[in-house]
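Next come the structures, one after another.
Across the two complexes that follow, subunit A remains constant while its partner is subunit B and subsequently subunit C.
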Partner chain A sequence: MAMSETLSYLRRGRGVRRHSWRYTVMAWLPLIVLLIAWELTTRSGLVTPFMLPPLSAVFGRIMEDAASGDLLTTIGTTLWRALMGFGISAVAGIALGILISQYKAVRWFFDPIISVGFPMPKIAFLPIMILWLGLFDVSKITMIAFNAIFPVVTATIAGIEGVEKQIIWSAQNLGAGRKRLMWDVLLPAALPQILTGLQVALPIALIVGILTEMAMGGYGVGATMQTASRMADSPGVFAGIIEIAIVGYVLVQAMAFIRRRLLMWHPEALDATAA
Partner chain B sequence: MARWTASLFRYSPLLILAALWEAVAQLGLVARSALPPLSDVIKAWFALAVTSDFWFNAVDSLYRTFAGLALAVVVGAAIGIAMASSKPVRAVLNPIVEVFYPLPKSALIPVTALWLGFGDMSKILLIFLGCMLPVTLGAYNGARGSEQTLMWSARSLGASRWRMLMDVVFPSAVPEILNGVRTALATSFVLLVSSEMIAARSGLGFMIGFLGDGGNFDAMFAVVFTVAFMGFIADRLYQYAMQRTLQWR
Partner chain C sequence: MQAQINSQVSSQIVVENLNHMYRPARGQPVLAVDNVSLEVRPREFLALLGPSGCGKSTLLYLMGGFLPVEKGRILIGGKPVTGPGPDRGVVFQHFALFPWKTVRANVLYGLERAGLPKNERLKRAQAYIDMVGLQGFEDSYPSQLSGGMRQRTAIARTLAIDPDILLMDEPFGALDAQTRSLMQSELLAIWRRSPKTVIFVTHDVQEACYLAERVAVMSARPGRIKAIVETKFDRSDPHLFKQPAFIDKVDEIWALVRNEAMLAQRLEAH
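Moving on to the complex of A and B:
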């Protein structure tokens, strides 16, 4: 899958940090140059401050919001919704994946729903969700979970079905019942794939969370950015982008860290470069 | 005949859901304003399909998606291959890609609206920016994986750097690029619909919001399902075309 390679690429990128600090500075240099170029372009007057406010002004805005406590509320609200939705999609997605892999009837029912529903732009259902569940947290979190659950379910099914038959037979020979087989053999063996599914689902949760806030309001980074955009307050818009970029980066790194921790026993942990 | 019944059996859960929808709505188990009967939604779709308005909005949406996507594929693939084949390019772009990749792309909607307004261009830019990185990473991974022996053979046969790129590196990156494009295709529909719902004056996403605000829920449901199935059909067509393209493998 394209996505797992992406993630392995991101993991690989972090190997850099084990080198000296000078290496770290070198690795981040292009980004620093980009930020300086941003500041200089806006100061030179090549673009209007409306199109691109100076980086210093944007940082000033972030600092202001941080001092007044708005920053914490905004980011906290977005994170709470995104992580709630993600958590629901993780639990329900893994459970559904297990049921589909174990019971023929469940598979028969959900297989076409998932294969038709996965590639759909489910965000189009947002007005229907508003109609049913209103404008507040419940409809936002439901929308997030509805979007993020698909990669979790398919990854869980693929993971469980990819477990080597010999391992299953050995466990059965040693007298493992259905339950023990699931908890002690199938799920641990499927964990790398399940984690990959979760790593795909987490950014989706954040994307959809911000979209629901933009469309429905109700605090959060998305709503703040949308208000700023309507008021032609460009430092506010760019402050939102930088905040959410940092949040996204930290979340993706945190997931990769959890993956390394959970899979310490797995051969992939020994292979520093490969997927 | 057997194949036909087999696929009927396979997709029957969808038919059951559709029948359930119709039954629940007809029996009045839920309010009509929350769930109009499926038959009314289908009627509303046919009523919409004879209006030119619907088709103008559909053409606007498709134009935005494919213009943005085409730009993303061309530029994204070029950048990915450049990153794989040149060390300085990689050193410069790697940290930028690593930081921008996890950025939730929907956060760009207000910025593109700020820059380019509510028209086509802001959607095209949004889809271009939002869909480029999966293609870039696909091209990068694919081009890095091109076999060293092939490169050596080409070089010893006197191929120039440019010819090597075009005849060896690019073809070997194609499968991964196509995978990246599939991710990009899905992303493009999400960005299209949401940006049209949030900041636009035309397009199917705009129509959804417009019809919903007007309380015309039959038609709104019809457009929502149109958009959802457009995304689904685009993915299926793409998969089919991809299998055709990769037959040489």
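Moving on to the complex of A and C:
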């Protein structure tokens, strides 16, 4: 559970390795130092509490919100939207990736759309989304899915097209038809790359979720931060930042855990058990 | 008697005036197989020998049905090849195992597709795993195995579906010398136990001489059959490699291949 894992979680390098507690402390140390420096700076009187509230005050706020139950509702709302959007982008993205990889007509249609759409800042669609779908969950979740689907589609296509030709041939040789080939061979072989696409999409879902909440309100961490900001409540804003950071970290770790579980056969996982 | 004749005929391969253009994504199409005609007798062990890039693997893939036959024809048991099928088992140089499946699951895959009942499948898979000497590794993933063990798995997977014809594409090319010579004698032992028509692609003259009953020597690109040499020896003789007759045969085939290999190198340098 070291930090270095977070930094390298997209790399297909090492999987889990049992680290010593000393390694764990070392890995977290920079973050701890940063937090201590934060607290000391605020106490030194160099900055006003409005510019930077003390870390202890921010944690105090989080605790208060937790006690009143607000924290659970806020984070729960954001998570629900982000994960709904992510789920839709995962299912639709993999399905679309399969269709594009298999049918020339589908590829012809979607190729330019993806080429233009992937790098485009899709958040620019926000006013249109509000106009079409309103201010509530539907438009937020649609926006999240719309942003998160691109890495899933491209990873699925790349994964399926990258499957070694001779693996496909040997499956056909052993009697696999077209459908069997997709389910038994192409998808499992592409799974490492599809999971990488999902691992890219997940933080995007969270980011866009917070952004839409900031722009449209309606509870959630983003909306709460925006309200706090309007009321010049800086501990409230910083509390939101820390909450998002923790939620994001937990989500990314959960995803990495799922990856290790699904890729038990992969050298990246087997390496670790052998060590 | 009737059944035996049928199965003999079904393992016969006839290649007639076969041409194949290799069309790379970029650049000019290249003639890879040039007017090849070849007849392989049922239960025969034939080696396709030639320098790298001579189209011998392409010829094998055409027989396997992985590439479309555009000019000429290939008949298997009298019927033209239209696609891949379990009547022709294929073993690839780089194993082409399913890395997400264990050894057992790899061997089971073809049996599942054939629709065998579960008990029968498991029994048969185990028999072939035992045959290639992988007992104890049934639940290992390919990435946990050595190259030799991976190729044994691939051979077990192919033999399990009991094909009439075995198409082998430099199956021992990726293995170290010791493992290769071990696998060669094991392949012969398996072939002796259940004779199949084997087409064995290789660029190793000694390997071709040792394993095959006939060696078809191919020319450098475009691939043609340059000569077909009979190579019948007593393969159970442990000193076969030292027998003058064997050494002469290797030399004879070497002489045929040497020019082609040099030509192939020049082609590759372009």
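Here is the rule we go by: the second predicted complex is superposed on the first by the 253 of 275 C-alpha atoms of A that agree within 3 Å, B and C clash if a C-alpha of one lies under 4 Å from a C-alpha of the other, contacts with A are read in each partner's own complex, and residues count from 1 in each chain.
Rule of thumb we're sticking to: a residue touches a chain if its C-beta (ideal position, glycine included) is under 8 Å from a C-beta of that chain, and two chains touch if they have at least 3 such contacts.
Everything quoted here is computed from the prediction, not taken from an experiment.
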- Message: Which partner chains sit in contact with A:T77 here, subunit B, subunit C, both or neither? Use first/second/both/neither.
- Response: neither
- With the two structures laid over each other on chain A, which partner does A:Q193 touch: subunit B (first), subunit C (second), both, or neither? neither
- Of the two partner chains, subunit B (first) and subunit C (second), which one does A:T42 touch, if any: first, second, both, or neither? neither
- Message: A:T156 in the overlay: touching subunit B, subunit C, both, or neither? Say first, second, both or neither.
- Response: neither
- Item | subunit A residues touched by each partner, larger count belonging to subunit B or subunit C | B
- Message: Looking at A:H266, would you say it contacts subunit B, subunit C, both, or neither? Reply first, second, both or neither.
- Response: second
- Does the superposition put A:S139 against subunit B (first), subunit C (second), both, or neither? neither
- Query: Should A:A232 be classified as contacting the first partner (subunit B), the second (subunit C), both, or neither?
  - Reply: first
- Query: Which holds for A:S89: it touches subunit B only (first), subunit C only (second), both, or neither?
  - Reply: neither
- Note on the structure: Going through subunit A, the residues touched by subunit B and also by subunit C turn out to be none
- Message: Can you tell me which positions in subunit A touch subunit C when the two form their complex?
- Response: 164, 166-167, 169-176, 180, 184-185, 188-189, 191, 264-267, 270, 274
- Contact footprint of subunit A on subunit B as seen in their complex: 10-14, 17, 33-34, 91-96, 98-111, 113-115, 134, 137-138, 140-141, 176, 179-180, 182-183, 186, 189-190, 192-194, 197-199, 205, 208-209, 212, 217, 220-221, 224, 227-229, 231-232, 234-236
- Item | Contact footprint of subunit A on subunit C as seen in their complex | 61, 64, 66, 83-86, 88-90, 92, 94, 96-102, 109-110, 113-114, 141, 143-144, 154, 157-158, 161
- For subunit A, which residues count as touching subunit B in their complex? 1-3, 5-6, 9-10, 13, 26-31, 34, 50-51, 108-113, 116, 119-128, 130-132, 203, 206-211, 214-215, 221-222, 225-226, 228-229, 232, 234, 237-238, 240-241, 244-245, 248-249, 251-252
